[in-house]
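My questions will all concern the structure given below.
Going by the order they are written in, the chains are A, B, C and D; count residues from 1 in each one.
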């Protein structure tokens, strides 16, 4: 079964951290498995401390909903269908860029969460982990 | 290394409490270090009890994001980029005035959080602590 | 009515912190009022971080039970009458030395909690605050 | 200033994970900085899920108390001086082997927490991180 092994999670974390360095955005990077449980985490020296919990919440959100956190924003606005989902007690759902599910052959094997920069930067760094997925052994 | 020592934290707390008295706004004042751990706290006799936790959350927020909590407000409104950050489970992020990071030579050494008055009053009192920073020994 | 005013709390905190310095035990000192709500807090530079929450829990315990936390130990042992009180979810009750109620004319006006040293050291420092109580204006 | 940088934390995590593999004890490994904030985390594929939170609690405990969690056990037994510290609400204090402070020149720069095996195995793996500390650049 496809999964996010420890080796794979470390490789994805490294890919994301390297991309964060390339674009100059000190970050926290979280990788969770298909059960939303933490597999790997790393934080740059200069990353703001908020990035620790927010990156984990983004990975939790992406794995919980099997969608990119950036795409959640429109659905949780006042008047939209999922208004009230974020900010509630049903889970730490974060509705802005930086969390993405990790998909293999159409199945979710885990998720990545990135925080530390703007939502756009965080999402770009998360995509670096997603893009590295086919290249690293399961 | 620059830091918020006990002596410094007490001096900053006194500066903020004095300013609160001058403008007639009974307050709670929190000082945390660069790791967001509590160093000093004081509450005026007439300060509302909500000010205890809110001042600590403001200091936590300012240290976590390295920004003034007053500047966070616009970013967490419906439709804005960080909508959903405050009120969630990723941390007690407070998006209104009263929390400010304490910066020395470009590095954050801690943060101050003030609550008890209006956000504008709280922020003015927090700035009194920030302004006193260069005058008190590290 | 007798109370722990802000001024009084600061004076008691200073008395305890000074005593901690005299006996060489870096400490956190917490003062709460008769409602168990935080009035003042201070932490020495070298105090272990555990002292932050534990000093507050001791003050909470002493104010909640109107007794010294050192005297609680025997009552929470296996087989004793209050076994299960500490360590539960009914409150952060700490059953070892360092917390003492602040009594004026037989009425509890608040409590002090000290942590950072041994329970005996912490209790000695808490007593320094209690001893200073008659000397500081309400 | 001595600290647990991202590079150092990753090297210590790898050292601990490798030792865990050598002794056949699938583990979670947590590294926190001197403020008890997460810097790095990794979990083996076969590590029990409890190891995620327990390893973090052990690192928190070791950094909070500046002592090995294995040494805390005797102090929290019924009748001992700190009975009631663990299991309470003053913090997630874990009183068995697997957490150790990271000391450089007598100052604590962070802590390691390991969980997944027996407390003895976890502590041995934590010591592998401590032993690697002088060999990795700050």
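The rule we apply is simple: a contact is a pair of C-beta atoms (placed from the backbone, for glycine too) under 8 Å apart; a residue touches a chain by one contact, two chains touch by 3 or more.
In this text, all values refer to a predicted model and were calculated from it rather than measured experimentally.
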Path length in steps (a step moves to a chain that is touched) from chain A to chain C: 2
Pair exhibiting more inter-chain C-beta contacts, B-C or C-D: C-D
When centres are defined as mean Cα positions, the distance from chain C to chain D in whole Å is 29
Give, as an integer number of Å, the spacing between the C-alpha centres of chain D and chain B. 31
The distance between the C-alpha centres of chain B and chain C, rounded to whole Å, is 25
Per-residue multi-chain contacts in chain B, two or more chains: 35-37
Treating touching as the only link between chains, describe the layout with one word: line, ring, star, complete or other. other
Chain pairs in mutual contact under the definition given at the outset: A-B, A-D, B-C, B-D, C-D
Which residues of chain C touch chain B in the complex? 3, 5-6, 9-10, 17, 35, 37-45, 49, 52
Counting only contacts in the complex, chain A reaches chain B at residues 48-50, 53-54, 56-57, 73, 76-78, 86-89, 91-96, 118-119
Touch list for chain B against partner chain A, complex: 35-36, 63-66, 78-79, 81-91, 93
Any idea which chain B residues touch chain D in the complex? 1, 33-37
